[in-house]
C-alpha cells in the first residue's frame, strides 16, 4: 500500500519534508511507499510552482477538503494555523505531523493533544533534532548510565537575523500569529531535547526581552509593533533535581543556527553543537578531556543507511530520519514520539517560562 | 530533451551519483532533465536490486552495448576498468564522467585524454571536492587576490581503515587493479585541489611506504600481497615558486576521512577540513587570527539552492553540484572542468611521485 | 623607598602573590621596590617553611601586630577571616588587598567597604581575571564601541572537584566559614567580569543546589554537613537592558578551571575561556565568524613586559599584573580598581542571588 | 654549595634563562642553589642595565675571562658564537648549556660535541620544548606502548615575521652568522622532538626556499642579501620505518609561534600545538576521536611544582624545567639530555636536509 500524504505549507518546511519523503526509497528501502499526494496553500500560482518542484501530484487551496482524504496530514503552516486543520484531520482519524511549537497558545496545544488522544492514531510534533545521529548516540550514553547521575543540562540556541533594527516585520514577530518569539521558535527545540535526554521540567524561572519594539513592514511605509520576545533565558529544575539553564536569542551577532547542548553527569559529560551536527564531544569515566566523536560509523544511529565513516551528513538528513520513523508508525500503527503529548509538554514549559517572566517568580510546570 | 545516463558501477559511487541525479529537479530546477537510464554491472541479481533501489530504468551486464546508446556515460568502476569503456564511449561521441584517479596507469590516462580530445565532448574526472562551497569560496579568495602571492600549499588526507593488519585484501591493495594505494586514491584529490586552487605542479620528491605486506583474502584461507603504498608523502614545487607538501595515509589511527588543505599567501591564509566541510578558516589582511567562516550564506557558492544560513550540508551534496555542472555542460555542449585533461595532469604528478620514490631524487612533471 | 608588605595566608594564594611580587623587578622595572616583609599564619612550623620558600623576611602568628607595621597588607585567608584584619589595617591607614569574595557575609563586606572609604587609601579585591591581557583587550573592544550596543552577557565557571561524594569536607563547604559555595568562590569572578566589561547588575533570579549533603572529614571517622551550594545559576538584568546569565558548578565532570565569558553586541561578539587565556574569539562588523586572536602581541595589554608574539603566558601572570597595578597605586596614592567598593558591589549581587533563590522570585540589587 | 653561573647573551634568551634561574627556589626547592654570577656581552652600558634587571652580580665583556671561572656556562649568543666559547669552557672542565641549533656549521657542532665528550661534564643543547609537560606526557604514552608501533611523525613550525619584504635584515638572514634560516632556527626544534619522541632520522629529502632575496638594513640606506632559507620542508625515514614530514616557514601569514606535532601509531595518535602548550590531543585504543587532555594535573610532569589543575602555565615555564634538570645534573654530575651529542645529531639531520636540497636527491644521515 502507498501512503498518500497531504502537506499544508510549501516554503522552508515544505521543502524540507518533501525532500525527506523523496529520499526514502533509495536510502530506507524498508520505509513504506509514500506518495506526495496533495500540497495545500493559498496562493494558487506559487502553489502550482511548488507542487511541481516538490513532486506533488495535486494541489488544493482548501485544507478542509484535504484532511480527510489522505493517509497522513502534515501541518507545516505558521503557528497560528496549527490547531484547526490538525484537529480536523485527527477528528477524521488521520495521523498528523505538525511543525513545532505545537501551537501558538497553550489552549490550542491542549485541544490538539486531546484530539490526538481521542483519535488514537500516530501524531508527531516535528522536533527533528531528536533524529540527529549524535543526539541519539548521546541518548544512548545517558540511558545506559555512561554519564552517571545527571546534574546539569545547558541548552542555548543562538541566531542573529534580527540584530538589524531594520530587519523586516514578519508573522514571527507577532504574538497572535506566532505565540512567542525566540522562546517558541528556538526554545521549543531546547526544551524538547531536555525532555528527550534528561527528563521532565518541573519548575522554571523565565526572562524575556524585546530589544527592538517595532519593525518596518516590507513594501509598506509603516512599522508594526513587535509583540514577542527577541530573546529569552530560563532556569529550570528537572526531575531528579537536575539543574537546567535554557537560552535563545535572535540577537546573537554572528551566530546563524547555533544550538548547543551540554550535559554533566556524575560519571561523564557531553557537548553538542548543531552547526557541527556530525560530532559529539564526550567525556566518560576516567577520560581527562572531551573526546571529539565523529558520529558517522556504521554502528551509529541511522548511519548504515548513508555513507562510509567520515562522510558527513547535513541538517536535512534529520528530516529523512524523522519522516522514516513517523511514516513507518503511520504504516504499522505503532506508537511514535515525539507526539502531540510531547508537544504539549513542551508548550507547558514555554507557557510557564512566560508566566514566570510576567510574575517575576518561579512557576511550577503543569 | 531528457538526458539518458548510463552508469557502470552500483556500489559506493553508484549510490552517490544516482542520489545526486535524483535530487536535481527539486533543488536545481534549471538543470537538464535526466533519466537514470541503464545501470551496468556483472552480478545480475545484485544489479537488479541496485537498479531498483537507485531508480534506474534498465540494467545491462555488457558495457559495450551501453556506451553508444546513452547521452552520457558514467564510469564508476574500479581503476583498472576506467580506460576501455571510457575510450569506447568517447569514440562513439558520448560524454563521459569517470571516477578518480583517471586510470591505473599513466598510459591509460593518456589514452583516455587523447580520446576525449578527439571526441570534443565534455568529460569529467570526478574530483568532487572542487564542488564544496567552502572550496569554491576559497578559490574566490585566491583568485581575487585576497590572499596575495601564494607561498605554501599543504594537503593531507588521513584515513585509518588499514591500520589493522588483518583488514582484508581488496582490489585497492593491488597495483594491477588500482595503480597505486593511498597515493592514487587519496593523493589524487589533494593534487587536484592544489592545481585548482594554486597552480600546476612542476617537480616533486616522493616517498611511499607499505607497512603491511600481505593481507588475508576474505573467505579464503590465504593471504595476498599488498603491492601498493599504504601511505605516501611528497614535496613539490608549484608554478610561481609555491612550496607544496602532500601526504596521505590509510594508517592514521582515528582519522576517517580527514582531508585538510592549508594555504599561506603574502596577504592571508586559509585552512579547510573535509570532516567539517561547511567551514573555512580564513585569515586576511590585518586579521589577527583565523576567522571560522560557516560557508552557508545565500551568497555562498551553490547555497541558495539549499537551506537558510547555518543549516549545514553534507558530503553527498558535492556530488549534486558536480552532476549539475557536468550534466549542464553535456546539455549545452560547454566546456567542463575538471575534465580528462585535468585528470591526466593529476596522473602525471602521481606518476612523478612514484618515480621519484623509486629513484630517490626529485622528478620533473611532464 | 621600599614597600614592606605583610601577607596573611601562605597556601595557594600566598604562593601566587609571593611569586607575583618576586617577579616584578625583572619584568616591571618601573614597579615600586617591594619587600616581602612578614608572613602571617597560625601553624608556626609550616609558616617558617613557607616564609623561607616564599622569600619573606619575617613571620608572625598574630596579625594584630602586623597590620599597622607594614606599607600594605594582603589578606589571603579563608573568607571568614577577611573582615577583621582588613578593617584593622584600614583603621591604621594601611592599604589592603583582600582575596575574593570580599567577605563571607554582606554585613562584613559593608563594614570593610566603609573602613576603606574612611581610610582613603587604595584597596583591592583580588579579582585577578581583570588583569588577563585578553580580558583587557576585550574591554577595549567594548569601550571603543567595536561591539556596538551590548545585548547579552553569559558567564560560566565550571569545576569538578566535588563530583566524588567522598571528596573531603573543607571550610569551603561551610556557610559560616565560606559564606557560600560555588556562588561566592566562582560566581564572584563572573559577576566582577560582568561589571568590569558590561555594567552594573540591577536585578537577578537565582538558583542554588547542593547535590551532596554531607562529606567525610579527613582523618576523622565522621561526616560534616555541606551547608553551601555545590552549583548555582542566575539570570540577570544589567544596566542598559543587557540580559545576563551566570552559572557555576563544582560538579561539572571533566572541567578543571573552565571560566568562559560570551558577549553579544549589536556590532559584534566575543568569547573567552580561562583554560585558553591567551586567546580571545572576536567577531566584529562584517566578519562572518569568530577570529581566534592570540593576545600576545607587543601592543596587547601587559605583553611588552613579557615575551615575543606567540610565546604564551600562564595563569600566574594575572597576579603579576594585579600586584604591579596595586603596588603602584599604593606607592603613588592613586585610585585602584577593583577596590573594596567593587568587592561590595559584587557581594550585593551574590547576596541578591541567594535571597532570590530562597524567595523564589526576582530580587533587585541594592 | 651555590653554583655560580656565567651567561653570555642578555636579550631574549638571556631573559628567559635568568627568569628560569630566579624562579627555582620558590618552585623547585630541591634544585641546587644558583647564583646568577656574571653576565657577558659587548655593549657595556646595555650590559650593565641588563645585569641589573636580570639579577646578575657582575658583568664582563670578555668571555675568555669568564668561562673558566664559573660552575656552569650558558652560551646564549647568536649561532656563529656558539662554538668557540663553548669549547673553551668545556676545555676548562666547565659544564655548558648552549642555545639551539648547536652551531652554525656541522664542523663546529662536531668540535663542540668532541669537546663535550672529552670534558666528561654535563652539557645541554637548549631544546626547551622537551620540557613541556604535554610533550613529556606524550613521550610517556609512546614509551609505554599506548600508541603501539609508530607509523607517522609530522612536525610543522610556522611563523610570519618575514612575510613583509621590508622586514629588516638581521643576522638570522645570513648564512655565515646563522648557518641556516627557518631550517636551523625552527626545524632544529622539530627534529629534536622527532628524535626525543620517536627515534633517529635515517635519511631525508629536503626542500629549501628563499622568497625574498634581499632586505633593508635598519638605519642604513642599503639592502643586504638573504643567504638563508625562508622556509624548508623535508621528508624523512626514521628508525623502524617511521615516515616523517617536517616543515617550517617564516612566511606563514598569521602564525606567530605555531609548532605542531602529530604522531600516528598502530594503537593511537596524538597532536600537540605550542600555542596551546597546556593541551595534548590523545586518541588511544578504542577511542573514537581525540581527547583534549589539559596536562595540568598534579600527576603530570612538573605540574606538582606549580598550580592546581586547570591553572595553566606558559611558554617560559619550559625554561624553568630545563634549568632545573640541567643545574641538578651539574650539581650531581649525572647525565643530562639533550646534550651536545643530541645537538650534533640534530645538526646532522639539518645538514643532510640542506645537502639533499642542493643535490635533488635523498641523503642518508651520518
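For reference, chains read A, B, C and D in written order, and residue numbers begin at 1 within each chain.
The definition used in the following text is that a contact is a pair of C-beta atoms (placed from the backbone, for glycine too) under 8 Å apart; a residue touches a chain by one contact, two chains touch by 3 or more.
In this text, all values refer to a predicted model and were calculated from it rather than measured experimentally.
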item	value
Partner chains shared by chain C and chain D (touch criterion as defined above)	A, B
Furthest chain, CA centroid comparison against chain C	B
Pair with more cross-chain C-beta pairs in contact, given A-B and B-C	A-B
Computed distance of Cα centres, chain C from chain A, in Å	41
Distance between chain centroids, defined by C-alpha means - chain B, chain C (Å)	55
Whole-Å separation of chain centres (CA-atom averages), chain A against chain B	36
Contacts with two or more other chains, residues of chain C listed in rising order	255, 283, 287-290, 294
In the complex, chain D residues that touch chain A	279, 283, 287-294, 297
List of chain C residues in touch with chain D within their complex	12, 15-16, 18-19, 22-23, 25-27, 29, 53-55, 159, 161, 255-258, 274-278, 294, 296, 306-317
Contact footprint of chain B on chain D as seen in their complex	148, 151-152, 154, 156, 158, 163, 205, 207, 209, 211, 231, 233-235, 237, 241, 243, 245, 247, 249, 251-255, 264-269, 283, 287-290, 360-362
